[in-house]
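The same subunit A turns up in both complexes below, where it pairs with subunit B and then with subunit C.
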Partner chain A sequence: MLSSIPPFALFFLGAIAVAFTKGPVRKVLVLAIPLIGGLNLWFGVEPGVHLQIELLGYTLTPYRADKLSLLFGYLFHIAAFLGFVYALHLGDGTPVGSVASDVGEEDITGDKTAGLQHVSAMLYAGSALGAVFAGDLITLFVFWELLAVTSAFLIWARDSERSYATGFRYLIIHVVSGVLLLSGALMLAHSSGSVAFEHIDLSTAGPGAWILLIAFGIKAGFPLAHNWITDAYPESTPTGTVFLSAFTTKVAVYAIARGFAGADVLIYIGTIMTFFPIFYAVLENDLRRVLGYSMINQIGFMIAGIGIGTGLAVNGAVAHAFADVIFKGLLFMSMGAVMTMTGRTKGTDLGGLYKTMPLTATLCIFGASAISAFPMFSAFVTKSMIMVAAIEEHHYIVWLFMLFASAGVLEHAGIKIPFFAFFAHDSGIRAKEPPKNMLIAMSIGAVLCVLIGVFPMAFYTLLPMEMDYHPYDTTHVLVQLQLLCFGAIGFVTLMKSGIYPDEKRAVHVDAEVLYRKLGPWIVRSVGGAVARIDAYVRSSVMEVVGTALKGANRWHGSMGPLARSWPTGSMVLWVAVLLAAYLVFYLF
Partner chain B sequence: MSHDPHAAPKEPIGWMDKPAAVKRLFVILYVIAGLLFAAEFILGRHTEHPHPWEGVPGFYAIYGFISFWFLVLLAKPMRKLLMRPENYYDGEASDAE
Partner chain C sequence: MSQHLPVLIVVVPLLLAPLAALVGNWKAAWIVAAAASWWAFGVSIALVRRVLAEGTISYEIGGWAAPYGIEYRIDLVSAFVAMIVATIGAVAIIYARTSVRAEVSEDRGALFYSAFILCFTGLLGISVTGDVFNIFVFLEVSSLSAYALIAMGQDRRALTAAYQYLIMGSVGATFIVIGIGLMYSMTGTLNIADLAERLPAVADNRTIPVAFTFLTVGITLKLALFPLHLWLPNAYTYAPSAVTAFIASTATKVAVYLLLRFFFTVFGAEFSFEQMQLDKVLMPLALVAIVTMSLVAIYQDNVKRLLAYSSVAQIGYMVLGISFASVLGVTAGILHLFNHALMKGALFMAMGCVMYRVGSVRLERMKGLGKKMPWTMAAFVGGGLSLIGVPFTVGFVSKWYLVQAALERGMWPVAAVVMFGSLLAVIYVWKVVEVAYFQEADPDDDIREAPLGLLIPTWALVIASFYFGIDATTTADIATRAAEVLLGVGP
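Then we have the complex of A and B:
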């Protein structure tokens, strides 16, 4: 019975229940919903079309399951569960041992907005599930927009001036993506007569397909459309960012994998995404923004894999998306824990926390090892599929860029994040370990990173494509360890020689400058010019009107010749003249 | 609880405060790196579909090391070009750039 209910429905109904409860009941609810939903999906749902309706001549499929959507379905249930375990302390006040109030962060956890955060996170997770089980583009569009609206509240929940502005920018960008999705879908429906969401051939499907790809690309953080990630993630609450990092971009990766696998252009877009963010990640001070850039870099690998398009490459892409949600979630959780307990997330403010937060530091290093693709950790068995597929398909230059980007991952996520937060110079901050629920969520994440890395063959059975790949052989382990170890030596030598750039309190100009600086500047300049032209036209018109009025005044004014009142005597005289003239005409 | 929350906490001393320990860590790293480099020549490399450049001895080690230097050396001039004050995007209406 439960298996016929779409996965999103449980979360939407759950969100209503969460909205009307408090305290322990709410805590049980937020954990139970993803748990029940996940178990139902795992044991109760078979591939196939589970719900179909006719609407205005089109067949809508709001609930379709296959191996690809099921993989993301499992993933989103795990992510939701981990996120809610991590956020369970919301509403309990500032955690014991937090020194966040030292820097003016009185409500660091977003305690006042605990209910709002839980409800929007629940709706957000439900929307993500709705999107991956959508069998047609119209249903996908509905959940696409719901993803945008529900997640924006997780940014606004920070309740700061900055987060309000960021939330609106985020919402506008995602609504634009949704509008493009609908436009593309309608164009495709017009040419093919169907709104079903299946593989789309970019070369034959016409402009609708390209618009659809751009819509997906905005959500996936394609170059130039990537800054919503680095803008939004550092501005949400410590717990909100964990949810944000799990769903939106991965729904986009799913959509691109389903719609555009094998599209060559994606190989190059993905490759660009792998390497340009790592330069920003070296320079960036806010460690949650570093993770934002890191996310773009990881999605780059997935997009490139989808573009390569072989079974191994697409499997690698979606497997890496799965692994990324967990290790990136773990890294965001560890930085969220630091933020909760210290009120700070910047490299310049942090350091030396390993002394009082050793567990958080250790768990962070687990996430860092996983993203860096150390053997026995998840990315080692997922990213390598994409790398091997690139060579198999003779994309040699692309492979060299991706290998460089892999070293870059070790630099910014593997070393920089744990090093600047927990080691480096001692900041003197003596914050305690975060609440137990945060440590438990991080521990589960760390265990999953290791489980995927140690038992890859079990994990591979969940992947959608057929393939024959074994990640563990002597050569693969050896060369990966060489890359990482000598990369680490590169870091040590750069630090020792003083070449490694210091953390600086600064921002670095990125594509967002187009809409955050240039756009407003153009509006201001154009507005100024319009105002000046307007003022000139107005004054000219007023001058003409003034002159006309003056002229009228001269003739008709109180002193004007046409306004003089004539005396009654002259009137009588004129009447007498008229009568005399009449008499003369009458008599003769 | 008799614990006084206002008492000055004891300053913890971590292993990173001891230069000898940090130095030992670096030595361990160099030793592992040396062993890994040597292992390639003992175990050999067997790849089904090798990259044309992979044949260079120590390719991955060299590539990893150079990547870090290249990344940082390119990031530094990038910073010169792109760095702005932290409040760059604040109060867009008032600061006409």
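Then we have the complex of A and C:
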């Protein structure tokens, strides 16, 4: 019986229950809901259409399961479970041993908004599930907008002026994406007569398909539409960001994989996404923002894989999405733990934490190893599918860019994150290990990273497409190890010889020299140029927006001619003018 | 008695109006008004059912055969509009009992209800009559009583607002009667069906385009189509809350009905849109109304005024649908007539609740109301969602049809403007939500939730706006059939 209930329904009902409970009951609830839902999905749900309704002459399919949606369904249940384990301590007061209050910000741990966070995270996870099981574009649109609204509350939960403004910007961008989605859906429905969400051919489906792709792209963080990720994710609470990183972009990846697999344009968009964030990530100081950039880079691999479009590539993309939610979640969790215990996330403020937080440091290194694609870790067996597929389809340039980007991942995520937070110069902060639930959540994440890396064949059976691929061949392992070893050796050499500069400057630019054979000045000038162009484009766009707003205000503001109360005489004059105009129009 | 229903829907309230004034006591007057509204509500439902089952009803007053006597002619369009008016009237009268008592002094209570019934009767009369001069008479009945109702607002500016409305409304009505007179001079008849038959023969005469012009200006003035909307914002802002809720959901709707009746039935769609190219006038004005009036709404601090400007924008949507002159477009227009009545009624009623407790609907006085008046603000959010056009609300259904109608004509940019209008609606609805939910209330106020007498009617409309958003088959079906009747393609 439970199998005919859409997965989102359990979460939505659960959210109501969570809203009206407190203390231990709530804790049991938030863990039980994703657990029950996940077990039900795993054991009780077969592929097929489970729910259909008629509305306005169209067939809506709010619940359709196939291998692709089921994979994301499992993933989101795991992510929700991990997220709730991680956020379980909320509402119990500031954790023991935290020095967060030294920073001055009142509630940096997000403890005071525990109820809001639990309820909105539950609704948010439910919306993500609703979206991946949506069999038509209208249902998808509804959950698309719900995702936006529910997640905005996770940003607002930080309860600061800044997070309020950020959350609002975030919401606007996502509502625009939703409106575009609906517009595209309407156009497609008009031309094809159906709102079913199936593969869409960009070359024949008309402008509606492009609008739909842009709508998906905004949520996936396509270049120029990526700013919301790095803007919003660092502004949420330590626990909120963990949820945020899991769902929104992955729903978009799912939607693109279903709708636009094999669209060539995606290869290039994806490739650009893999390398341009690296420059920013290397220069960035806020470690959670670094992870935001790193997220765009990882999504780039997925988008490129979807664009390549072969069975192997699409499998690679969705498998990488799966792995990414877990290792990126793990990294965000470790940074969230640091933030909860120290109140800081900037590289320059941290360092030396391994002395008092050894477990967190170890778990963070697990996540860093996974994202850097060390053999025996998850990204090694997922990202490689995309790279191999690129070679197989003769996209050599694309492959080279991806290789470069992989090295960049090691620099900005693999080394920078754990090094600056836990090692580097000693900041003198003596914060204790985070609460047990945080450690447990991180441990589960770390175990999953390793399990996928060690038993890839078991994981591959879940993937939607047919393929024949074995990740552990000699060449692959060797190439990857070379790439990683040279990066690591360079790093160590520079550290020992004392050339390694202070982290306030762009350290990784120097480490880049060794295996890229490029002078640091190139990276710096390229990075600088990208930043300058970006700043210029942004400021000129803002100027146009500002002028438009000023104009709108002049005409529509409370004293503008369109909004004033007019004297009766002028009103009547308007009538006369219109009468004359109509007479001329009708008679001549 | 049932064959006399077409006239009884008007006659019974018309006779009850003086009774309400004569009883003097506001409580008794309210009972009379409630009886009148609920009577009309019941009859209107019966009429819709009968028209759906048997087709157009023709009723000859006093047994004088048309075209010499006055004919009441109820087709699906008339019946549907009459039902909208009667439904909103029936809900608004319940709401008025609590709201009016707070906003209008007790000694004027009886007069208020008497004017209310008259206004209501006039609007119903316009929709059921089949005689153009009779339309003018009922138009004046409803307008004059509406001026009186608006003038009873608490704010002193209500008086000037009512005065301006009086001048503009009278100009509009005069133009309409000039148009009717010119047509009469050419055809010698006032009966709508008869006019429709005789007009083509004299259409080449210049008098007819002149009549057409006067009617265009008169009707677009009455329905507050940009730029002839200037009387509307003040009238809606300063009127008593119950009056705003009632008039905003009915008066302009009946004016839209006049537009449909004159240009589709009397002149015929072919003459209006192909020969006179009415769409070339209506569509640009509708689009400008949607964009500029939504923008103006964004900048308002007084929420009733904000909603009033939003109404002008929403009228743009209705007129836009009609200007396509296709079955789908007119269906969208008629559907939005009903849907907008529900949502705007709900929104203005929610503001009436705020007015009742806070005494003002300015944004700065609404801080933190989300906590203090949860049901009221939830109703506002519900109505607001509809205004934006979120799925599973009536607003979505209207926009869906409207966009489909635009796409059918291949007008992508028009569809884009409709979607853009939704985005603007998000902003102005959000403005209120932000203040009510995200700003801290002044801890000194002891503002409580509004009484049930206000909340129940408000929520009735909110729930209806969700119900008809999820199950749109009934309304969409009636609207489609009504559009087919107007365009002469249906049975």
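Descriptive notes on the structure:
FYI, the second predicted complex is superposed on the first by the 487 of 588 C-alpha atoms of A that agree within 3 Å, B and C clash if a C-alpha of one lies under 4 Å from a C-alpha of the other, contacts with A are read in each partner's own complex, and residues count from 1 in each chain.
Just so we're on the same page, a contact is a pair of C-beta atoms (placed from the backbone, for glycine too) under 8 Å apart; a residue touches a chain by one contact, two chains touch by 3 or more.
Keep in mind that this is a model prediction, so the values were computed, not measured.
Of the two partner chains placed around the shared chain by superposition, subunit C is the only one that A:L583 touches, whereas subunit B remains out of contact. When the two complexes are overlaid on their common chain A, residue A:F486 makes contact with subunit B while staying clear of subunit C.
Between subunit B and subunit C, B contacts the larger number of subunit A residues.
In the overlay built on the shared chain, the residue A:A458 is in contact with neither subunit B nor subunit C.
With both structures placed on the common chain, the touch criterion links A:L224 to neither subunit B nor subunit C.
Subunit A has no residue lying at the interface with subunit B in one structure and with subunit C in the other. In the complex of the two chains, the subunit B residues touching subunit A come out as 9, 12-14, 16-17, 26, 29-30, 32-33, 36-37, 39-40, 43-47, 49-53, 58-76, 78-79, 82-86, 88-90, 92-93, 96-97. Chain contact summary for the complex, subunit A toward subunit C: residues 55-56, 138, 141-142, 145, 164, 175-176, 179, 182-183, 186-187, 190, 207, 552-553, 555-558, 560, 562-563, 565-566, 568, 570-572, 574-575, 578-579, 582-583, 585-587.
Per the touch definition, subunit C reaches subunit A in the complex via residues 163-164, 167-168, 171, 175, 206, 209-210, 212-214, 216-217, 220-221, 227-228, 230-231, 233-234, 276-277, 280-281, 292-293, 295-296, 298-301, 309, 390-392, 397, 400, 403-404, 407-408, 412, 415-416, 419, 422-423, 426, 438, 470, 472, 476. The touching residues of subunit A, counted against subunit B in their complex, run 162, 278-279, 282-283, 352, 354-356, 388, 391-392, 396, 399-400, 403-404, 407-408, 410-411, 423, 426, 430, 473-475, 478-494, 499-501, 504-510, 516-517, 520-521, 524.
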